[in-house]
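So, here come the structures, one by one.
One chain, chain A, appears in both complexes that follow, with chain B as partner in the first and chain C in the second.
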Partner chain A sequence: MREFMDGAEAITRGALAAGCNFFAGYPITPATPILLRMLRELPKIGGVGIQGEDEIASIGMCIGAAMTGAKAMTATSGPGLSLYSENIGLGIMGEVPLVIVDVMRLGPATGGATTVAQGDVQFLRWGTSGGFPVIALCPTNAAECYALTQRAFNFAERFRTPVFIATDKEMISAQQSVETSTFENIPIADRARAPAEGEFVPYRVKRLADTPLFSPIGGAHLVRFTTSMHGERGILTKKPSNVNKTSRHLYEKIEAHRAEFELVAFDAPERAPTVVVSYGITARSMIEAARDARAAGKKVSTLTVHSLWPVPARALRDALRGATRVVVPELNFGQYRLEIERIALALDPRPQVIGVNRVDGELITPGEIEEQIL
Partner chain B sequence: MGRQGETIEPVERMDGHELAETSPHHPMDRLLRRDRLPHIWCPGCGLGTALNCFLGAVIQSKLDVDQIAIVSGIGCSGRVAGYVAMDSFHTTHGRAIPFATGLKLANPKLKVVVFSGDGDLIAIGGNHFIHAARRNMDLTVICVNNFIYGMTGGQLAPTTPTEARTSTSPYGNRDHPFNLAYLAAASGAAYVARWTTLHVRRLQRAIGEALQKPGFSFVEVISPCPTLYGRWNKQKTGLEQMAFYKEHSVIQHGADPRQADIGLTGQIVVGKFVDVEKPSYLELQRR
Partner chain C sequence: MHQEIIISGFGGQGALFAGQLMAYAALAEGRHVTWIPSYGPEMRGGTANCTVIISDDEIGSPLVRNPSAAMVMNPPSFERFEPLVQKDGVLIVNASLIATPSKRADIRVIAIPANEIAAELGAAQMANVIMVGALVAATGALKLETLDQILEEHISARHRDKIEANKKALRRGAALA
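So, the complex of A and B:
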């Protein structure tokens, strides 16, 4: 069936399909449509939706709910993401499954509430103290909003960590005509639970890259979760060997599974000297630019990045190998270009990396990208 | 202790002194994590008494201990979550109430108790406090009010009496403090009581009542911090602070919380100030 749908609806439907049963949020343009939908839909399925008194409360409520076993989501934009920061860290430290939608608007600070931007890309990666790895997915259309939201929940469950959906004002609020019968339903993953019998140690892992077994607050075992540096029993620690183990575990848990996060779409009908790399709303201009360029007889391939963090390094290396020119359009001063340059640096021949950037609240047009395809 | 894969390290007490031996037969043992004792609190600190009264209330209430969750923020008071043999969540500074709200909403069968300090709950977490009270959210909040930030070295709290000295009010506090009982009542709490750690039986009873109360119940525990608050304000030991409470406490059940300000030297009005029937958040949600 063909339907008119905005990204907010697609994300909401994806969340519900993934088993989301808790949502807390604070109104902020352009993320509010997600709050409204979730608060309307969740009670119908026996879930809980609540408007917090601010963003700090909203993410806190989600974290509390998640630790009883709920699948929780929240949605905000730059100013709210700033307030989430400390509790994103709690999500990492406490190993809390959680999905956070960031509907990017132009910053800094209150910036432009209704102005599109992709300025939070590095903020998502480094937005909480400590520099531990995070997972961030980025849809380019409504169908991907639906599918990637489910994936975000699955990653959150599997790795017990906050997972971001990086999207933007246009994606969330623009109605798109979509074929919903092709919406991809992804098998639901649930966090691995500790058996009801036997000893339970809240943060025990066999190997550093493992995710600990979960037992909910109010469940069969005595549990203790904490935001502070802890040993496997959730007890505060300063002992270097314990601290090292927990730090490395939080790092390895994501880094050792990088292959699982390599979500990209590589469109390369033939070997081309120019590769365009983009993500989110800007990837749509990129795809159109490539079509026009090919029609004009130019050779170009495109790589759409669906998993911004961790950087899909292998897929990027494969796509960039042999190219002489890499064009990276994005709605910021070149944040993801930094990552592309890092990869290009290690290639021989080393391609030239060129940014196409706008920070004026307008989308990058296909024409602006096509100009860079030689 | 030497558990597999993790070495337990020695605890350091807040005042840097030697740790005391623990008695092997304490009556509250079954509700405590004996492996975490002795605790870090200073001699004369009121936190042990507050915890003891809470545990006594839990035992008397006959609540299913497996269905109680304790949420603390950060601070000396926040350490309570680490000592109880109940499900616990030790959260970021000031945010215990939102986490507790999430726990309660996602699993309404839980009895969710927030146990934290005045700085944690009322300064950085003040917004969550008034809004949870306004919603009449089904939580019991126990606030240990020692008039100061203990954990971080005795800084000014929003409860510090005017003129009192702290490390960040070396010439005396120029702020007016919050009267927590009034704040809770004005914000909409269904149950509000205040006791000092001298009033152990009454405190225990109040916590017991709070645990049974649907909606937002609030118990303020006036508690000595001899190491920091006492030392700077002419009450050097816990005993001196307790003697002060004895001389200055006035029991007035049903007192208007507006009249229950706490000053540096005046009286401390204690008692049960609010106990009203009003629909709680969960009751309204079920309608």
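So, the complex of A and C:
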């Protein structure tokens, strides 16, 4: 069926398909359409949608709901994400499943509230203290908004951690005709629960890369969540061996599973000297640029990155190997180009990495990318 | 068929609605379509525009730099978009507010006193619909009957008494193209 929808609707529908039953958020352009849809849709399925008194309260409500077993989501834009920062850390340290949609808009502070940007890419990665790994997915169209939101919930459940959806103003507010019969339904994953019988140790894992079993607040066990460095019983500790174990566990449970986060689309009809790497709304200009360039007889491959964090290093290495020129268009000063350069450095021959960047609130045109395809 | 259309005016003139009307009609006609709003932090009185792409083929980038057709409802929109229209493209001008004549000889310019016609038809808010009528007639992008159907489906309950007037407005515009 051909429907007309914006990214906000596709994300909302993906969230509901994944079993989301709690949403709290505070209005902010351009994320508000997601809040409004969730407030309208959740009561219909017996879920809870709340407009919090501010961003800090809203993400706090989501964390609380997730601790009781809910599948929670919130949505905001840059300034709201700044306010989320401390509680994102709480989610990581407490091992709380949560989906956070960041609808990127231009600039620091109130910036360009109604204009597009992709300036939060490194902020998502390093936006809370400690530098622990995070997961961030990035859709380029409505079908991917639907599918990747489901995947975000599944990752949040499986690894008990906040998962970001990095999107932008144009993706959320542009409406387009989409074939919804091709929308992909991903099998739903639920967090592994502790058996009701027997002793429950909230942060016990067999291997550091494992995710602990979950028991909800208000359930069969006494449950302890903590934001402080803790041992397996969730009690504050400064004992170096315990602290080391917890730190490494939070690191390993993501890093040891990197292969699962390698979500990319590599379009290489033939080996080409130029590879263009992009993500989100900018990837659409990239795809059009490649089509035009090929029509003009040029050879080019494209790699669309759907999982920004952790960096899909293996897929990037495979795509870049043998290329002489890598073009990275993005709506910032070159934040993801840094990651591509890291990959390129280790390759022989080492390809030249070139950025195509805009920070004026306008989209990068296919023509601006095509100019860099030689 | 591939049309890249920009519709621009003051907030409150119905530029975004005019674009949505065309987008829904394009969908009803089985075409691929994108609609992107662009607006400032202001509300009524600020500038607002939207971009609509209607195509028989899948649409890649929803961005339009040089539209094949533009509909400008106020002087700032005229100044901004008149130079950008593609050669052999169409420019629909709201002559009620825009006195400047177009300097472009390589495009088709249709100047319509849309505010006056709308007032004559009974509702000043219909200037946008009159201009849509001219735009679709000049470009052949959509059928008037499809727009009728979309008006019936999308005009809010409190404005239902205006549906017939809106249909008339479409046809008045189309006759001027």
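Please note the rule applied: the second predicted complex is superposed on the first by the 374 of 374 C-alpha atoms of A that agree within 3 Å, B and C clash if a C-alpha of one lies under 4 Å from a C-alpha of the other, contacts with A are read in each partner's own complex, and residues count from 1 in each chain.
Following the convention adopted for this analysis, a contact is a pair of C-beta atoms (placed from the backbone, for glycine too) under 8 Å apart; a residue touches a chain by one contact, two chains touch by 3 or more.
On a predicted model such as this, the values are computed, not experimentally measured, just so you know.
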Which of chain B and chain C A:Glu330 touches, first, second, both or neither: neither
Touching partner for A:Asp102 - first (chain B), second (chain C), both, neither: neither
Partner chain(s) touched by A:Thr114 [first = chain B, second = chain C, both, neither]: second
Partner chain in contact with A:Phe4 - chain B first, chain C second, else both or neither: second
Touching partner for A:Ser173 - first (chain B), second (chain C), both, neither: second
Chain B or chain C, by number of chain A residues touched: B
First, second, both or neither for A:Ala72, with chain B first and chain C second: first
Partner chain(s) touched by A:Arg291 [first = chain B, second = chain C, both, neither]: second
Shared chain A surface residues [contacts with chain B and with chain C]: none
Residue ranges of chain A touching chain C (in the complex, touch as defined): 2, 4, 29, 113-114, 170, 173-177, 284-285, 287-288, 291, 363, 365-367
Chain A-touching residues of chain C, taken from the complex the two chains share: 20, 23-24, 26-27, 30-41, 59-63, 65
Residue numbers on chain A that touch chain B, as the complex places them: 21-22, 24, 48, 50, 52-54, 56-70, 72, 86-87, 89-90, 204, 216-219, 222-228, 231-239, 241-242, 245
Touching residues on chain B, where the partner in the complex is chain A: 3, 5-9, 36, 66-67, 69, 71, 74, 81-82, 85-92, 95, 97-107, 109-110, 127-128, 131, 285
